[in-house]
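I'd like to ask some things about the structure below.
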Amino acid sequence: MRFFQTLLRIDRRIIYLVVAGLVMLPLVRPLGLGVTSGPRAQVLFDVIDSLPSGKTVLISVDFDPASMPELYPMMAAVMRHAFARDLKVLICGLWVTGPGLADRALSEIPPEYGKEYGKDVVYLGWKAGVDAVILGMGENIKSVFPVDYQGHPLESLPMMNEVAKLRDIPIAVIFSAGDPGYRDWIRYGQTRYGLRVSAGITAVSAADAYPYLQTGQLTGLLAGMKGGAEYEILVQKSGYSNAYMPAVAAMDSQSLAHVVIMLLVIVGNVAYFATRKRGA
Amino acid sequence: MHVSTDILTWLAVVLTLGIFSFLWKDNPFYKFCEHLFVGVAAGYTICVTWHNSVYPDLITPLFGQGQLLFSIPLLLGLCYFARFIPRVSWLIRFPMAFVLGWASGVAIPAALQADVLRQVQGTFLTPSIFARWDVFLWALISFVGVVSSILYFFFSREHKGALKLASETGIIFLMVGFGASFGYTVMARMSLLIGRFQFLLRDWLGVIR
Amino acid sequence: MKRNIPLVVCLVMGVSMMVQFFVPHPVSVAYYELTTRWFRIVAAFALVLGTGSLIMYHSDKIQRKRQGWFYSVVTILAFVATAVIGLGWGIKRGTILQDVIFSNILVPLNASMFAILAFYMASAAYRAFRARTKEASLLLIAAFVVMLGMVPLGANLPFRLPALVLLTVGVAVGIYLAVRNQNWRGVLVLGLLWVLLGLAVRFLFAPRFGAVAEQVLSYPNMAAKRAIVLGVALGAVATSLKVILGIERGWLGGGKS
């Protein structure tokens, strides 16, 4: 009884230390659990893999640095896949903190495949207005983004000669950490302009995406860091990239972290019911 | 172990540890980092808004190309700042009327089509579900789940009899849904922590290659 | 006047955008493109207004020397420095704003703020998550299934045998308590539940945790979330209509004028 009471009164900072230690350990000494891809990541992979060379994939950077560990690796993996398949990548964003992250990706990934800005990849930047941005792009992308993020007029970019509006884009992959995000692209881009939408989302909102998956409004889904790891593995196994895979590297820690949380819940409940029963 | 010698990496590390210091207890260093974040985020928002939105969408067409029609959204936008002048603060109603009216009007058909009609369509039991017995069972479970969960939120009548049974069934599905969300939330929060640790161990200490 | 004209503007904009959705005539499309463009501009000013309100709050705190006013000085200085650097030298790669402020100040601060939530969640899991009711227990079971099934460690673990064992133990305990209280209806219900759930575990659910988690997410979770999506969407439509028709007037603010 006293043991359980002591358990319930453990200082929270000890719990923090235990969590920190058990999360850091597999990063330094990997457990080698391995990662296999799931069905939803496979669907998106197959769609992008089957696109004819030269087609444009739209990527929307709808997240902030807080969600970087989950969404940046999957965005990088999708970009690498697109470039390896000789697809063009058009990037835009609905979150004001997205531009810095997109800029970082642009500095790292296109050079790996010898891709040229303006010909193979264009970054439009961010615009205020969410629905108005999507709806405007549905009619005419250049009316929404007269210049790209770097200030070049879109007419001067060769890639933009083939992409005038959303209907010219076979698939949009929305990396979103909440609202605005993939739901807005479905409501406005898909409903009105038939845009095919896929999403890479934080795990927090992953469970909410299943109604859209079931109706086919979402084509494939990358959920959280696991989703990113799945896509990284698919890209690597297909020979499209040998780059470092941060999401895959984190999966051992993720596994251990989940076990820790489950144990904390179980121990907490056992101690609670043990003390409550005796107390009553 | 190869500790980074880049001063900017050290700056990032110091700020990271400053935020983490709150786990021990609230302290001036944490408060400094917190307020620094608020200020920098607000400043960054202004910069991106100006360079990406205001300058190319308003300043260039209105003052650069002489398209005077853009003076209307400029005036509407400026009316927002009437909020800070008590005598004319009622002017803020005009841009709000425009924004709310536009957004509401655009949202209604979009929400009805994407979030109501398509979702109802997805719930229907179609002949294809009879292809296999497990597909049929799961489709039936999903149908019962959607209907009973909706009925749980129907508070216009007292939950008695059949409505009570439906409502209690709905609670089961809702609890499973919230449990799934919680499970995923654990994954999300842990992922963010792992990301920070990857930065500290790889970019700063060089322990991970 | 000061209230009626904005209400009329709201009504006209709302109705015209709703009708425009169904009218592909070139005039309608031109009107739509024009108002969409204006909306983007006005929305940008709203963002600036939000920032302005923040600065006003902190300035007021400094002026009145309220508790913690020194930190408001930090906020204002950080804001001014970032804004001046960004507005003066640009925001692209290679600028101070991108390479120093965004990458090494904003990113670590923003990311760390959310990273520490993991610790709070661990503490809450230990101290607060209690399976006090049947509903809470069901929530935790679903959470455990998803937590195990969504990571490599648990995805390949066998599901059927542990689930059947746990189900049998749980039902046995329930039947014992029901018999002790002479609740024969409860005994019957538990027995029936054991048979149905046992059959479901054996024949309906997949053999491994990973696939079971996928099933839980794709069917019962999907059903619950769909109900919420429908409810929220209908609520949003109703609220939008109320705003357009002037029934909902809270956005006008207080006062006769």
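Chains: A, B and C, in written order; residue numbering restarts at 1 for each.
Keep this in mind: contacts are C-beta pairs under 8 Å (C-beta built on N, C-alpha and C of every residue); 3 or more make two chains touch, one makes a residue touch a chain.
Bear in mind that the values here come from a model prediction, so they are computed numbers and not experimental data.
Asks: Could you tell me which chains are in contact with chain B and with chain C alike?
Replies: A
Asks: If you take the mean of the Cα atoms for each chain, which one ends up farthest from chain B?
Replies: Of all chains, A has its centre farthest from that of chain B.
Asks: Across all chain pairs, which one has the most C-beta contacts?
Replies: Highest contact count among chain pairs: B-C.
Asks: Would you mind pulling out the distance in Å between where the CA atoms of chain B average out and where those of chain C do?
Replies: So the centre of chain B lies 6 Å away from the centre of chain C.
Asks: Please compute the C-alpha centroid of chain A, do the same for chain B, then give the distance between them in whole Å.
Replies: 14
Asks: Where the CA atoms of chain A average out and where those of chain C average out, how many Å apart are those spots?
Replies: The computed centroid separation for chain A versus chain C comes out at 16 Å.
Asks: Two or more other chains touching the same residue: where does that happen in chain C?
Replies: 21, 37, 39-41, 43-44, 46-47, 91, 102-103, 106-107, 110-111, 113-114, 118-119, 121, 125, 140, 144, 146-147, 150-151, 217-218, 221-222, 225-226, 228-229
Asks: What are the residues of chain B that contact at least two other chains?
Replies: 23, 41, 44-45, 48-49, 52-53, 57, 102-103, 106-107, 109-111, 114-115, 119, 122, 142, 177, 180-181, 183-187, 190, 192-193, 195-196
Asks: Which positions in chain A touch two or more other chains at once?
Replies: 16, 19-20, 23, 66-69, 96-97, 99-100, 127-128, 131-132, 135, 149, 192, 203, 207-208, 211, 214, 223-224, 226, 254, 257-258, 261
Asks: So in the complex, which bits of chain B are touching chain C?
Replies: 8-9, 11-13, 15-16, 18-20, 22-23, 31-54, 57-58, 69-70, 72-74, 76-78, 80-81, 83-84, 89-90, 92-112, 114-116, 119-120, 122-123, 134, 137-138, 141-146, 149-150, 152-153, 170-187, 189-190, 192-193, 195-196, 199
Asks: What does chain C use to touch chain B in their complex?
Replies: 2-3, 5-7, 9-18, 20-22, 34-35, 37-49, 51-56, 68, 71-72, 74-83, 85-87, 90-91, 97, 99-119, 121, 125, 135-136, 138-147, 150-151, 203-204, 215-234, 236-237, 240-241, 243-244, 251-253, 255, 257
Asks: Tell me, which parts of chain A touch chain B in their complex?
Replies: Chain A reaches chain B through residues 13, 16, 19-20, 23-24, 27-28, 66-70, 96-97, 99-100, 125-128, 131-132, 135, 145-147, 149, 183, 186-188, 190-192, 202-204, 206-208, 211, 214-215, 217, 223-226, 246, 249-250, 253-254, 257-258, 261.
Asks: Sort out for me which residues of chain C touch chain A in the complex.
Replies: Spelled out, the residues of chain C in touch with chain A are 21, 29, 32-33, 36-37, 39-41, 43-44, 46-47, 91-93, 98, 102-103, 106-107, 110-111, 113-114, 118-119, 121-123, 125-127, 129-131, 140, 144, 146-148, 150-155, 210, 214, 217-218, 221-222, 225-226, 228-229.
Asks: Write out the stretch or stretches of chain A touching chain C in their complex.
Replies: Interface residues on chain A, with respect to chain C: 8, 10, 12, 15-16, 19-20, 23, 33-36, 38-39, 64-69, 96-97, 99-100, 103-104, 106-107, 127-133, 135-136, 139-140, 143-144, 149-150, 192, 203, 207-208, 210-211, 213-214, 223-224, 226, 251-252, 254-262, 264-265, 267-269, 272.
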